[in-house]
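One structure follows; several queries about it will come next.
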Amino acid sequence: MVNVGILGATGMVGQRFIQLLADHPDFEVTALTASSRSAGKKYEDAVTWHLETKIPDAVKDTVVVNTDPREVKDVEIVFSALPSQNAAKVEPKFAEAGMKVASNASAMRMEPDVPLVVPEVNPEHLDLIETQQKRRGWDGFIVTNPNCSTIALVMTLKPLYDQFNIKRVYVSTMQAVSGAGYNGVPSMAIVDNLVPFIGEEEEKMESETLHLLGDFDGETVNNANFGVSASCHRVAVLDGHTEAVFIEMDDDFDLDEVKGSLTNFKGLPQKLNLYSAPEDPVVIREEDNRPQPRMDRMAGNGMAVSVGRLRRDEVYSNSLKYVLVGHNTIRGAAGASILNAELINEIL
Amino acid sequence: MVNVGILGATGMVGQRFIQLLADHPDFEVTALTASSRSAGKKYEDAVTWHLETKIPDAVKDTVVVNTDPREVKDVEIVFSALPSQNAAKVEPKFAEAGMKVASNASAMRMEPDVPLVVPEVNPEHLDLIETQQKRRGWDGFIVTNPNCSTIALVMTLKPLYDQFNIKRVYVSTMQAVSGAGYNGVPSMAIVDNLVPFIGEEEEKMESETLHLLGDFDGETVNNANFGVSASCHRVAVLDGHTEAVFIEMDDDFDLDEVKGSLTNFKGLPQKLNLYSAPEDPVVIREEDNRPQPRMDRMAGNGMAVSVGRLRRDEVYSNSLKYVLVGHNTIRGAAGASILNAELINEIL
Amino acid sequence: MVNVGILGATGMVGQRFIQLLADHPDFEVTALTASSRSAGKKYEDAVTWHLETKIPDAVKDTVVVNTDPREVKDVEIVFSALPSQNAAKVEPKFAEAGMKVASNASAMRMEPDVPLVVPEVNPEHLDLIETQQKRRGWDGFIVTNPNCSTIALVMTLKPLYDQFNIKRVYVSTMQAVSGAGYNGVPSMAIVDNLVPFIGEEEEKMESETLHLLGDFDGETVNNANFGVSASCHRVAVLDGHTEAVFIEMDDDFDLDEVKGSLTNFKGLPQKLNLYSAPEDPVVIREEDNRPQPRMDRMAGNGMAVSVGRLRRDEVYSNSLKYVLVGHNTIRGAAGASILNAELINEIL
Amino acid sequence: MVNVGILGATGMVGQRFIQLLADHPDFEVTALTASSRSAGKKYEDAVTWHLETKIPDAVKDTVVVNTDPREVKDVEIVFSALPSQNAAKVEPKFAEAGMKVASNASAMRMEPDVPLVVPEVNPEHLDLIETQQKRRGWDGFIVTNPNCSTIALVMTLKPLYDQFNIKRVYVSTMQAVSGAGYNGVPSMAIVDNLVPFIGEEEEKMESETLHLLGDFDGETVNNANFGVSASCHRVAVLDGHTEAVFIEMDDDFDLDEVKGSLTNFKGLPQKLNLYSAPEDPVVIREEDNRPQPRMDRMAGNGMAVSVGRLRRDEVYSNSLKYVLVGHNTIRGAAGASILNAELINEIL
């Protein structure tokens, strides 16, 4: 068993890490960090637990420490659920102290020597770790996963990008409130309403996607050569982001081939049979009114992306349309970092 | 005062007609029709009233009759809130009997001699009435308004289409449950969920929009020469459709000109000062998180469309993005038919 | 393995039966019935599946038959998820044909020779079966469980009734929409709203509770000798009924004894270790803002009732107040019938 | 016109004061206070406006000042929307400075010389003002209104209390999220959920109700001599508190008399024809599924309480049950203080 820690263990994503790691066959949670307000308390006293499953017995009595590498002992991997500003300051310290940081924070994602990875999409970007360690003189390293809405999108774009010539992508999201944290969206903002804005979300989707599909030439990542234009909106759904995707192809395409491409998609995690890897990264729904967030967010234990309403555009014959649903706090956050760590643990 | 009737007066759109016509300066509701189950009853006994305002006193005791022109006497205009299948059969009979039919039903919208009109957008299409009457030998006629989601979209496209070269439009909707009628969307389908499908909605948006912006050459309407691609979704909002719009222009554009074009847009209803015409058909919101359906659906008494998040696409410099909100059962249904009738009443 | 059938297998409660019986160690689902519209179809083609888990493979291809004992072969127990009117006609035929009917329908609950049973509360009422079979000349029999809101209430009243003198009970419910069936509550009735009425629900709570706590003297059940007064309301919750309970006792009481009474409560299902029996029928929550339906409905796999805010009334020192949450379609419907069948299977 | 100020003008209740006073015939808003963060800014820059109507033009440019009587000039009445802790410190200073304080805060409600008033219920308690001014040596004074859920309840109890012998009252509330302020209830707490706890709410309902119905003997208020026991819950409704009320009477009663008592109830505001007084303080709904918060909260412009499901208890013949709905931020907060001020303005 590999000892792991969770940075920022009391927030919503921290709680998901704890839930998902409770029965993990390879990782054992031995350290939990939080702000100084919580440090010194037992986890069950420090946290306001918001998940429907119980706090796992194994961590109930774990004493929370400060988010400082000197207080986190005998740990090989730390998962970071820190807010972005904190992450920028603290994650490098953990890497410097020799720990492997699997981060869900956005702070370091766009650093040229920090891999931004979705294991099914661009595992080869992990080779950047070597560059990172050399350049920064670290024994440990930082690996990041993208933003929740990007992950779901890019998992469906990857097989298409490999087989077809994507020219432009337009995506309109309907995102769950849990993405903003427990207190992020007041009920008065969302009952009988929606909010057509999520800070920096569109920018992340537009830049991260191309980076993830970019070529790694051994030194740097060269972004994929098309564009993604996003419009992001918050709706009255607890978990599960829904995205309406429009793809302009350079050429005409066969819809059955598109479908086959998505259905047959397997990545390295599937080949390596990683613990958290869903059998099918992309699940195709044939019903005309699916995927729906409440019905489909738990596909593949929350690690698969469901795609439905796959159709050729009636107007532009070289355009494709579909709707996807992905679980934003499992596949889109804690589960993404865990899969990254599983991959690292297996191949490094 | 012009005597008017409402066909299908007990449903959700029928109730909106009654609410909106209650204090109308020119129209007096003197006839209400419904199915044979309701015929013979007083309106207040026939209807399950679902609006938050009370049933207007003037129609409470009106005896409902069958939807048959022989039972509707001394009426000049009838508003049709009929389901599409019924409308196809019944509306022509009313036109034949000499009445002016302002219909919200989709049945006759795409008939080449039936005007499909949004008064701010294409009032000149009303000239088709003459063709219609000649060809069909009717004393009355039928005029239709488009689908709710189309109306809001086309009201924002019209000023842009006049001033810029639109190449492609992608639109992703987040539509209110009232659009499906009172029993249309079960709560189990929409609490903590959304439904990414609305039957025939995308087809209507894609075809009606181009028809509305088409040229009328005196005989037929020649559709506008670009494409609209829609993805339609139902969300947990009572009233007010939200639409994320992406527009590819042929050329570069100035964002301030776009904004000016929308802000200054006035149509014939504004010039004629029609009773239901909003002062500004399009209202620009500058806040970064507006328009929101609950906050903005009643702009212009529910007859204006609110536009926000107007921005140049960061990826494609000749593309424009914005979010709009329009009231689906006022501007998008009953109010649309009433404004059509006001225009007809003024100019014919 | 005992072969079992499900009557009314395509509705919401029918689906729950199928879900809960999927991995049952003693019962194997070998027959599914529905209306003639569905008869002859494979289950997966006949049903519009609304649960978040998939249709179990074992029943996907089962051919649905009519709800007629002649079409249900080689089955020992049938679970009835029929609407009440149908149940009154059809359930007796199945009992006459020799089958054991475990019914969730209300039709037969108040027949004097039909046991109305919650296994933790009044298992001894099952002795009525003998009377029933003799009197009606049936080889099989009918056993019923109470209404969803009654079950949750009575499970908390039972230990208190045994230890304290209950004088009056007032209960105000906040019930989930799933209780009305998939199409039962339109979203327009419940978004930003609640409905303070559920047909016949108050009557059921008021009569069934006293019957369940009544003495069985070998021939008939003599109702418990206090009163229950209910006010029932529908709120925007998918699953899980919440009830605010006020109990006037005859005498003063010790709050710790009340708590101990609820905490230590075990019934026959717990003693017999029945498969669906929750370890603790009543779970006490100490947090000041629990139980909550989304957080607590799955306690004991949906078979336990969660109780919180247990407090002496500040105004009436011999009164007790608490809030409970129970899962209405598991403990309150399908799970209740299954637990009845498990008990019958064990002791008869 | 009387010049009035609003203390705490940027919060939710402050916004309601501004909205309701916009077209007031007797009061003109000339001063707005808020925290030091907002002081010095124009109101429209200081506030995040959350109501569906626009910020009234008259106050848009009003410069917000600190909540300090020295900064509030030439004002006769101030309305207090302050949080309770602030109110305790600040309201006396305004009274000392000679202003009439109509407060919605709970801080001073239970002071023996501060009138706690609902104008339809206990206007005679205003005579306490004289005692208050003498004892405290103030030129101004403080008048308070009760908690939102208490107001709605007591308006229905008043006519019953006058005509019948009330022995006990049990009340279970289903309260709107707006009662907790804009950020008070996270969407994650209320989507597909409810929260069965509101801090100090039950205590307020239980004590304030008896105080309001108490006798004023010229010196002090002697509480009414029965008990109210409350259980308070938050549900997914934006505005409008719903309450299920159970009343034990000492004697048998005639249900028609009860109904007549509620229907015919008029208070001093109705007799004086005060501007904000609803024509009928209590509106009886005859439909079996009303009152509902979304449909009935605006009865009497949000100042009336709607009562439905009025019925004799089937179990206890001397008990009465009904359900009420009242608007929590109009009748239950800002509107209550305004009606108090109108009454004071008329009779003092």
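Labels A, B, C and D are assigned to the chains in the order they are written; within every chain, residues are numbered from 1.
Operating definition for what follows: a residue touches a chain if its C-beta (ideal position, glycine included) is under 8 Å from a C-beta of that chain, and two chains touch if they have at least 3 such contacts.
Just so it is clear, the model here is predicted, and its values are computed rather than measured.
Participant: Work out the mean Cα position per chain and let me know which chain is farthest from chain B.
Facilitator: For chain B, the chain whose C-alpha mean is farthest off is C.
Participant: Give the chain pair, either B-C or A-C, that is connected by more C-beta contacts.
Facilitator: B-C
Participant: Could you give the separation in Å between the centres of chain A and chain C, each centre being the mean of its C-alpha atoms?
Facilitator: 41
Participant: Quick one: chain B and chain C, Cα centre-to-centre, how many Å?
Facilitator: From the centre of chain B to the centre of chain C is 48 Å.
Participant: If you look at chain D, which of its residues touch at least two other chains?
Facilitator: Those would be 191-192, 236-238, 294-295.
Participant: Sort out for me which residues of chain D touch chain B in the complex.
Facilitator: These residues of chain D touch chain B: 52, 191-192, 294-295, 298.
Participant: In their complex, what parts of chain A are in touch with chain B?
Facilitator: 168, 170, 172, 174, 192-197, 202-203, 206, 227-229, 231, 233, 235-238, 242, 244, 246, 288-295, 308-309, 313-316, 319, 321, 323
Participant: Which residues of chain A touch chain D in their complex?
Facilitator: 50, 177-178, 182-192, 236-238
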